[in-house]
Structures are given as C-alpha cells and as structure tokens.
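Mind looking over this structure? Questions follow.
In this document, chain identifiers A, B, C, D, E and F correspond to the written order of the chains, with residue numbering beginning at 1 in each.
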Amino acid sequence: IQQFQEHARILDEKNDKYERIVKLSRDITVESKRVIFLLHRITCEDDKPAVLGEAEIKLGDIRKRLWYYVASELVNEDPYKFLRAYTGGLQEYVEALSFYHYICYDELISWEKVQEELHFQRNAHRPKDEVKDPLDPKAAQARETIPTKEQTEDEDAGDSVSVAIQEEAHPEPKSDSSGGNTNLKGSTAKKSLQVLVPKTDFVLGLADLTGEVMRQAINFIGLGNTQACFDLMEFLHAMHDGFLDVGYRHDMRREMSRKINVLNHSLQKVENACYSINV
Amino acid sequence: EVFRDYAESIEAEHEVREKVRDKLRVIETLARESSAMLQHVHQPSGFAKIADITAQAERHLVDQIRPALAELSSSVPASQFYRYYAMFNYTLMRLCHLCSLIHFLKEGQLLTRAATAQDWLQIGQSRADGFYLEVDDYLGGLIQTSNELARFAVNCVTNQDFERPVQICEFLSTLLAGFRLLNLKNDNLRKKFDSLKYDMKKVEEVVYDLSI
Amino acid sequence: EVFRDYAESIEAEHEVREKVRDKLRVIETLARESSAMLQHVHQPSGFAKIADITAQAERHLVDQIRPALAELSSSVPASQFYRYYAMFNYTLMRLCHLCSLIHFLKEGQLLTRAATAQDWLQIGQSRADGFYLEVDDYLGGLIQTSNELARFAVNCVTNQDFERPVQICEFLSTLLAGFRLLNLKNDNLRKKFDSLKYDMKKVEEVVYDLSI
Amino acid sequence: EVFRDYAESIEAEHEVREKVRDKLRVIETLARESSAMLQHVHQPSGFAKIADITAQAERHLVDQIRPALAELSSSVPASQFYRYYAMFNYTLMRLCHLCSLIHFLKEGQLLTRAATAQDWLQIGQSRADGFYLEVDDYLGGLIQTSNELARFAVNCVTNQDFERPVQICEFLSTLLAGFRLLNLKNDNLRKKFDSLKYDMKKVEEVVYDLSI
Amino acid sequence: IQQFQEHARILDEKNDKYERIVKLSRDITVESKRVIFLLHRITCEDDKPAVLGEAEIKLGDIRKRLWYYVASELVNEDPYKFLRAYTGGLQEYVEALSFYHYICYDELISWEKVQEELHFQRNAHRPKDEVKDPLDPKAAQARETIPTKEQTEDEDAGDSVSVAIQEEAHPEPKSDSSGGNTNLKGSTAKKSLQVLVPKTDFVLGLADLTGEVMRQAINFIGLGNTQACFDLMEFLHAMHDGFLDVGYRHDMRREMSRKINVLNHSLQKVENACYSINV
Amino acid sequence: EVFRDYAESIEAEHEVREKVRDKLRVIETLARESSAMLQHVHQPSGFAKIADITAQAERHLVDQIRPALAELSSSVPASQFYRYYAMFNYTLMRLCHLCSLIHFLKEGQLLTRAATAQDWLQIGQSRADGFYLEVDDYLGGLIQTSNELARFAVNCVTNQDFERPVQICEFLSTLLAGFRLLNLKNDNLRKKFDSLKYDMKKVEEVVYDLSI
C-alpha cells in the first residue's frame, strides 16, 4: 500500500510541473501577441528603428524571464514529455520572433536560430537554488512575480545567460535529421538548459506568420504603399511554395492543414488586393 | 530552404512511427493470445486447471511478449520516449494488466510497479532507464485487472469456489485504498477509478451472498 | 453535350438504387415480422411453445425471406456489389442474426458462416459467387444474437427454466473466445465486441444467481 | 476453430489496404509536386513561362504519375473496386483536376472524361475495364480546376494579361451550364456546385472590371 | 410596394397565432405532467378512487381550459399548419390520459377516444367574441389568466362544451385510413371545433406511457406487490408487440425510434425486476 | 388492435409521399431546364437575344411546368396541404423565382404574389383554395431573383448594356423597401434578407461605376 504513496508523489510532481509550464506558456503567448501588435505599428521606413528596438527588448524579456524558467523546469526531463504544455506559447513566440526577423532582415528566420535562442547556459550563481528545487513553492512564487516591467533592467539571470550563449558558440549539433535537436548529451545536460523547439511547432509558428504578413500588406494598401504590398505578395508566394513542398500528408496533424488553409486564404486576400491595385 | 529541412524531419519521424507500429502489432497479437488463454479460467472446463493456465500464460509472456517488447523498446529513440508515447501507451497498460492478473492468480497478491517493470516486463522504472513504465500505465493496468477479477469472483461461486471471492475482495479493497491516496487530476484515471469502485461493490455483494 | 452523357449515368445509378431500395424494403418488413414472432419467446405465454415459434420463424425465413433476398441479390450488378454494399449491409446482418437465433433455439449451438450463407440464406460465400455474405455482417449478426440471448437468459429464469441459461452461457463464452482472436480494426465491430463482453458478464451473473 | 478462418480474412483485407495505402502515398506525393509546379503560374516570376511550366507538369504526369497509378490500379482486385473505392476516390479526383488544369492552360478548353481516362491517366472508362474513372471523380476534379482558375483570373490581371480572364469566363460558363443539367443527389457534389457558381460570379466580376 | 403591407400582415398573424398555441401547449405539458405525478401516488387498490377522481377533474380542466382555446385558434386553419406548435403538449396529454385510462379500465385507450375528447361544439354564448377575434390582444390576455386554480369551479365555456359532446355523439367519421381525421367538412367546420390528433402523435404519446408503466412496476416491487409487477410486464410485452408490428420503417421520424429504444429499455428493466423476484 | 390501425395510416401516408415525390421530381427536372435556358442571358452569345430566351422560358413554364404543377397539386389532399408542405416548399419557391425573373426580364417590374399564383402558376392564393402559394415561398423566390439580377447587372456592363443595371437597381431598392416592412421572425427569411442587402450594395456599386 505504501507504494501508492510513491505513485501519488510522482503523479503530483508531474501534474504540478505541467501546470507551472502551462502558466509560463500562457504568459509567453500574451507577451508575444504584444510584440506582434507593436510590429504592426510600422507604417514606413522611418518607424522601423524605434519600433524594432522596442520589439527586441520585449523579445529578450520573454526569453530571459519566461523561457529560461521553462528550460529550468525541463532539466533532466524527456523534452517531449511536457511539450503539450508549452506548444501554444512556443508557436506564438515563433510567430512574433519570425515577424520581427522578417522586418529586420527581409528573410525567413531559420529553425537553428530559434532553437539557439532557447538554449541557455545555467548560471552558477543566483537561479541555482530555484532550478535545483523546482518544486519549492517559494521559488515558484518568486518566479511568478518576475515578469513585471519594473524589474526589466535588473542585473539578473537572463543577462548572464546571454553572455553564456556567446561563450558557448555551437555546443550542440545544430541540425538533426531525426526531426529535432533532442539529444541531451550526458556531459552538457547538467550544465546547459534548453527548451526543445520541435520543427513542427516551428513551422506552425511560421504558418501563423503569414497571417500577420497579410494584415501588413492590407495596411500598406491603405497607406498607398502599393510596392510593399507586391513585395509581401511575393514573400507569401514563397512561403506557399514552401508549404506545398512540405506537402500535406495524410498523417499530418489537423492543426497543420487548418493553418495551411488559413495561409491559402491570406495569400488570396493579398492577391485580390494586388489585383484591385492594378484595375 | 527551411521547408525542405522540415520535410526531411517529418519523413524521418514517419519512419520511426512505421517501425514502432510494426513492433506494436506483433505485441498486440501476442497480448490477445495471452488474454484468450486467461479467459479459460472463467469457464467450468478451465476452472479445474487454473494453475496450468496461469503457468502457460506466464511462459507465453516471458518467452514471447518480453522479447517483442524489447524490440519495441529498441525502436524508440531513448531521448524521445514521450514523442511516441501515445502510440504504445495503451499496449503497455494492457501488458501490466496481464502481469498483475497472472501474478494474482498465482500468488493472490498485488504486483508492484517495480516488479512489473523489472521482473516481468524487463523495462525501465524511470526516465533515466530510457524506455520505462509510467505510473499511469501501471495503474491503468491494475484497473483492468480489477474489472476482470470482479467478473471472476462471480464465476468462482458458480464453480463452487467460495474462498477466492474473499481473496479478490481483499485485493480490491487494497487497490481501492491505494487509489484513494492519489490526487486524480487525470480524467482518464478518474473514470477508471469509478469502475474500480463499482467492481468493489459487486464483489462485496458476492461475498455477502456467500456469507448467508 | 458532354454533360448529357453524365446526367444519364447518374440517372442509371439512381435507378439501381431505387430498385435495391424497393427490394430491401420488402425484406425489412419480412425481417421485422420474423423478429416480432421470435420476440414471443420472451413472454410467459410464448415460453411454453418455443419449438412452435422457432419452427414458424424458420418456415417464414425459408418461404418468404429467402426468395425476397434472391430478388435483391439479382438487382445488384455482380461487379458492383461493393458499390451498393452500404445499402443492404445492415439488412444482411439482421438476417444473419435471425438465422443464428433460430438455430440456437433449435439446436443450442452456433451457426457457422458457411451454413448461414449456403443452407439458410442461399447466397454466396465469397466474392467470386457474386452477391455474398461478408464476414463482418455474419459477425455483426452473431453479436445481435448475443444481445438477444442475454435478455433471454433473464426471462428463462423468470419462466422457471434453469437449464437454458447455462447453455446460453456456454454459447456466449465460445463466441467471446472467438472474437478475442480477431484483430478488430473495424471500430463498429469493436463497439459490438464490448457489448458482447457485457452480455457475457450479464449471463454469468444469471448463472451465478442460479448456483446459490 | 471457425474464427481462425475469419481472422485470416480480416488479415487479408488488411494487407490489401496496406498495399493500396502505400501506392496511394506515392501518388499523393507526386500529385503534390505537380500542384506545386503549377502553382507557379500564379506568380509574377512564373507568369512569363506558363508554357514551360505546363509542359513540365505534363511530362511529370506522363512519366511519373501515370506509372504510379498503374501500380495502384493493379493492387486493387478488379472485382472489389468499390470495396476500396473510398480510399483512392479523393486522389483520383485530384489527378483529374491536374489533367484538366494542364489541358486548359495549354489549349484553353475543357478536357472530356474519355480523354482524361484514356489519354491522360490511362485507366478504364467504365466498370467493365476494372479500375476506372467514375463520373463523380471527374466532375469533382473539374470543380477543383474551376476554383484554381477563378484565382488565376485575378492573378492574370495583376500580371497584365487581360485576355485569359475572358477565356476562363467562357470555360466556367460552359461548365456551369453542364452542371445545371445534373440532378445532383450527391450532397458532396452539390456543395461543390455552389463553389462553382461562386467562381463564375467572381470571374464575371473580373471581366466586368476589365470592361470599364 | 403596398402588397408588402399585406404580406407583413399575413406573416404577423401567422406568427402570433403560432406563439399563442405554443404557449397553450406548454401549459398543457405542465398540467399533464402533474396528472402523471398524481397517478403515481397510487400504491394499492384503496388509493384508486380518490386519486382517479382528482385526475379526472384535472384532465377535464386541461381539456376545457386549454385545448378548447387551441381548438378555437385552429378554426378554419389547415390542421397540420400549426401542428408543430402543439405536438409537444399533445404527446404529453396523450401520455397522461392513456395512463389514467389504463389504471381505470386496465386497457389501452383508443385513438378514437382521444380524438373525440378534443372535439368541441362551439358554445354560442360567452366565448364567442374571444374566438371570433383571436387577434384581439385583450382577449388573449384574458385567456392567459384563465388556467388558475381559483377559477376552476366557475360556470364557463368548458362546462357547456362537455354537454355539447354528449349531444353530438358521433358527428364525424371516427376512423380515417389516411392517417388522421382531417376532413373539415364545410357544414360542420363553422360550428364544431376540434384539435386534430395525428395518429403519429397519439402513438408517440403511448410510447411515453410505457416509461410510466415501468416506473409503476418498479414501485410495486418496492411495495412487495409482485403480482402487479408481472401484470405490468405482460402489458409492456403487449405494447412491445404492438410497436414491432408497426415496425420501425426507414422513413420513420427519429423521434419514434428514440422512443422505441426507451420502450425496449423500460421493458428490460421490468423483466430484470421480475427476474430478481424469481431468484 | 390500436397498432395495426396506425401501421395502416403510415402506409397510406407513405403512398401519398411517394406520389408527391414522383410529381416533384418531374417539376424539378423541368425547373432545372428552365434555369439552364435563362442562364444564357449572362453570356455574350445570349445577351443579344434576351427577348427570345425569355419568351422560350415563358412558353416552357406555361406548357410544361404548369401542367406538372397541377398534377402535384392534385396529389396533395386539399385539407392536408401542410402535412406535405415541407416536401414541395422549396420547389414552389424556385418556381416563384423563375416567374419573377422572366417577368422582370420582359417588363422590368416586380411580379405580385397574386399574379404569380393566379396568372403564372395557376394555383390558389389562400388556404381556402386548397393547394396555394404561401407568402414565405413567394418572398423566398424574390430573393433568388435578386441574387440572379445582381449577377446579371455585372454581366450587362460587360456586354455594354448600361441601362439595365439602373433598372435592376430600382427593382432591388423596391424589393428592399418592401422587405423592410416585414417583421422577420423567420430565421430563414432573415438570412435571405441579408443576401438581398448584399445584392443591393453590389448593384449600387455597378451603377456608381457607370456614373463615372
């Protein structure tokens, strides 16, 4: 009978961790939506520097304040075990990050880049106790209060993390043909933290990006910036080609084909917009 | 191109899935055979040779299911256990059920998770061991055993065995006490817990009938 | 006009469907009558004359349903059996049920698929024979019979017949053992299998009640 | 045991399904590639080389899809065409769509069912030919083409081609007139018919915009 | 354009009448449920006289106070036009009436009897103005206040109606092979009122009756009256035979097959109850 | 037996339904033909001969549809109009649409309900007349006509007719004003009213385009 006490402990731990990650994921979703909203404020070249700067800070905050704690929770766990808990936040984050990246560099962000951003070196000092005992309710409480604006400039875990990334350069193989960088190598597993970015979630996030691009294109027409609209149409055509390449397989998640449908509609809206310019 | 890379990765995943599916199919066929053997204990003809039936089912499990499970285990990349978990989840539960049922028929006792994983199925007990037995699956298997035993209690009486129902009643009450310790968030387990309560009631009625 | 051709082909298919529907309607009315007759075995008044009821139902099947089925069979183009299969599928299942129920009431035994197709319904046993009895439909019919017999076991006791429930119990356990061997991909059959397990349990409880 | 026989037959059906599924998967991948090629006609960069794109897609269809379809066709037992029909139904529709789209881009005209089946896909035209092209699938494919062309009409204007929309408008009105003659019992086709009416309206508006 | 004013008037009239009938139907449902509830209070022979007397009064009230007004609304209308508005109340009423009839006479009520009960002779005096102008809002208001208990004993339309029925005896063909007594004969249509009882609704009401019989059987077991339980089983078997005879056709309304399922379950519950008595 | 009586009554109803269904099928085929004729007015080739097309459609309606409708009308028992109403409801709506469309193409004006029922379809106008034209169906038909005319307005411009769109615009605005008087409880009509508003907007845009 006492083995059931052990079972109860294991189940509770799992459920609690799951709940904490879900909570973080929701915060990430909210913050990522804010970034996207911010980026839509760009109406001409002159707006870019200020808006992009602000977006960069916000994205950094999400990474340092939220993803870092998700990564801490995932130490020594099978990365897929809690994937369902954070997949929502991850897709929204990819959407925001890729939108930012597209506006900055006029290109699609790569999976490697996204994964790398969610790879942290564990800071040996401050966050240690929190991380070592993720079940400590006080630590969890402390974490919940963190993502407030006032603390943004504090010297904290996140900053040293971003340095750590520089040092590490390429600590792990960045491309993994088996569909995700999932090898927790024994040696580094204990020192570095990461949030796994499955390629499927990455691509789903990109699919959402097309909706934002469409909205931007329609905005540009309103502003009379018709060339920008044509450029975005071309970008969407390229994305569309990409998704066709991937192909909609039978066993593809319903989520994906729904998003591809949305992509098709977005593309056609932009096509219709370009048509109306030409008539 | 970012998409070509992704297409390859789903191709690779698809291949793992196909392999897992093949291995699973073998295990499921074997598990069905095992269930079919154990069904005989419910019948008048089988009731006399419970020990034989149990021994046969155990041998079948050791000699056939265990190696098949080892093959499944090796086809799942160790660090991606949960990626494919939903595929073999239910099958593992069923195997736990078979183990605990055979064990109960032999010993009249509850089989622990440690023993199920280590001695019977020879898979891991925790994440560190790679392919391992999750608590949920172990518990799910026990509930299946409870369903089977509730039915068995009825047939024992029909076959004039008035002792085993009492033993089953004890087994179920231990199980029920254990489950009461759990904080059942998991909807699936909760529903199963209800069926356990129902089984308990049924067996108590049988024991009551016997006492009068 | 190219479409006029298609309009005709749609029309032609429509006509076959209408014809099949008409023939089916006749069979279904007859099958309902047959069911109604057999229902009497559940009633106190009918219980005494089970042999009569069974004989009457058998005659009705041979004299009326069989020719109606032959007409249906001839209205389905042999090469398009599966095109219209979904239309008569359920009806065939029901006829199998009637055959196996009558046979059990007479002989206390399971009717095989070969006998159902050849001796009772006089339709083919394999695709090569044209209109034939699919395995799924035969099995579906058996499950309906199991449902009916579980109810019958209860009514037997009410009518003071304590032997037939034991016979039914054996019948169901044979059936259950058989079904356990099948790899039921078909969701529909799986659900029916669950109902069979339920019937088994029910009848075992009846036999249990009788034993104490 | 009578059930062992059935287990085998279920197994056999399962194998055919697996085989059909494998062949289908190949065709679907090829069809996706074909669609991807043809998508380029919507893009400014591709608009200039429509003839090249069309020729490439046609070669791909003849050299790759056609042999793959032949393999599918040979894996479906002729007498059981309709048994597995629901599996490849949608894929056939899509192939018809590809044929009629390529044909329209080349010739500006409607491809008949006879030509689609015989010249393009090289499958049968009627049930007697075994694996064949059902009218429903042909029509479903045409509707897909109409959806694609409605979008294409818009992009033609964007790319300064003001003649093709008129050609598309005529194509659609022929199609629409044809569909009006059909007595569409099939709910699926009726919904598609509605989408065709919508496409017609859309293209008429494009032509209207061009006229003023 | 003024033809649309005419259209508007026709549509409004129809909708208003429909709403009024729906309201009456709901009241009938509620009152019929009360009758059924009342009848379940019978636990032995001695209870019968008092309970049946009360039930008879209540059923009379429903007829005189509610059905009469439904009938008034239906004068000169195609009886099927508003059937959907009162079908719910009708089925519940049939259930209550047939339950009452079964307990009184130990037999199934006939369709003719039910239809006859809803056939009224129009009273030439009081209700006249109400009926002639069913759109008069004041009249409608007046009607709404009627079904209250305090007025039950008043001398009013209903009473003279019940007399009228006696006089009329068999004013119309009672059996109609086309599925309902639907001929509004020109001559009588203006004098007599009736609510059409389609046979389908009648039979659906009977199907509901089986549920009540089952409940009564289970009650009897609780009271140790096992013979009554066996009697009710026999009655249910007869009903079951009847429904099998009708047969579940393909084009039968889903409502019917649902009710037949309920009947089967009721029957099996009673069979199981009888079984448990015997064990 | 109360049930036998009921079985007979549904049998009788079934027969009426079958008969009504047969008559309806004829009318629907004719209505499809009529629609197909009228479709030509949208096409360049048909635009020149609108008067001919209209005359032909009218003759078809008078000579063929009207007698078919009379047959339907006589197969519905007068006092049970609403018992079978749901069966022919939609078809009546469509016939009203055809009448009002032809009438508009000829006269440029709205056809009243009285004229539709009496002069065109020759059925009753109120319950007292037996088989008659319900207001709902008349209104539903007008909406279909409005949908068709909105499309027609676009095609008129394409075919260089700049007057008819103005006429259509007036027609729709009369219709819209009329519908605004209605207290639309009926969900179905309300949805249609929305489509009418949409058509109005579309045609106003066309007229606006013409004015600049």
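By our rule, a residue touches a chain if its C-beta (ideal position, glycine included) is under 8 Å from a C-beta of that chain, and two chains touch if they have at least 3 such contacts.
Since we're looking at a predicted model, the values are computed, not measured.
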(message) Treating chain A as absent and keeping all other coordinates fixed, how do the remaining chains group by touch?
(response) one piece
(message) Once the contact rule is applied, which chains count as partners of both chain A and chain B?
(response) none
(request) State the superposition rotation angle between the two copies chain C and chain F, fitting on C-alpha atoms only and giving a multiple of 5 degrees from 0 to 180. (result) 180
(message) Report the chain whose CA-based centre is farthest from the CA-based centre of chain D.
(response) E
(message) Shared numbers divided by all numbers used: is that above or below half for chain C and chain D, i.e. same or different?
(response) same
(request) Could you put a whole-Å number on the gap between the CA centroids of chain A and chain C? (result) 57
(message) Roughly how far is chain E from chain F, centre to centre by C-alpha average, rounded to an integer in Å?
(response) 39
(message) Suppose each chain is reduced to the average of its Cα coordinates; what separation in Å results between chain B and chain C?
(response) 34
(message) Touching at least two other chains at once: which residues of chain A meet that condition?
(response) 245, 247, 249
(message) By the document's touch rule, what are all the touching chain pairs in this structure?
(response) A-B, A-D, B-C, C-D, C-E, D-F, E-F
(message) If we count contacts the way the header does, which residues on chain B are in touch with chain C in the complex?
(response) 28-29, 32-33, 35-36, 39, 42-43, 151, 154-155, 157-158, 160, 206, 209-210
(request) Spell out the part of chain E that touches chain F in their complex, as residue ranges. (result) 1, 3-5, 7-8, 10-12, 15, 76-81, 83, 108, 110-111, 175-180, 182-184, 199-200, 202-203, 206, 242-243, 245-247, 249, 251-252
(message) Per the contact definition, I'd like the list of chain F residues that touch chain E in the complex.
(response) 1-10, 12-14, 16-17, 77, 79-83, 85, 112-114, 127, 135-136, 138-139, 174, 177-179, 181-183, 185-186
(request) Please give the residue numbers of chain D that touch chain F in the complex, ascending. (result) 173, 176-177, 180-181, 183, 201, 204-205, 207-208, 211-212
(request) Can you check the complex and tell me which residues of chain E touch chain C? (result) 230, 234, 237, 240-241, 244-245, 247-250, 268, 271-272, 274-275, 278-279
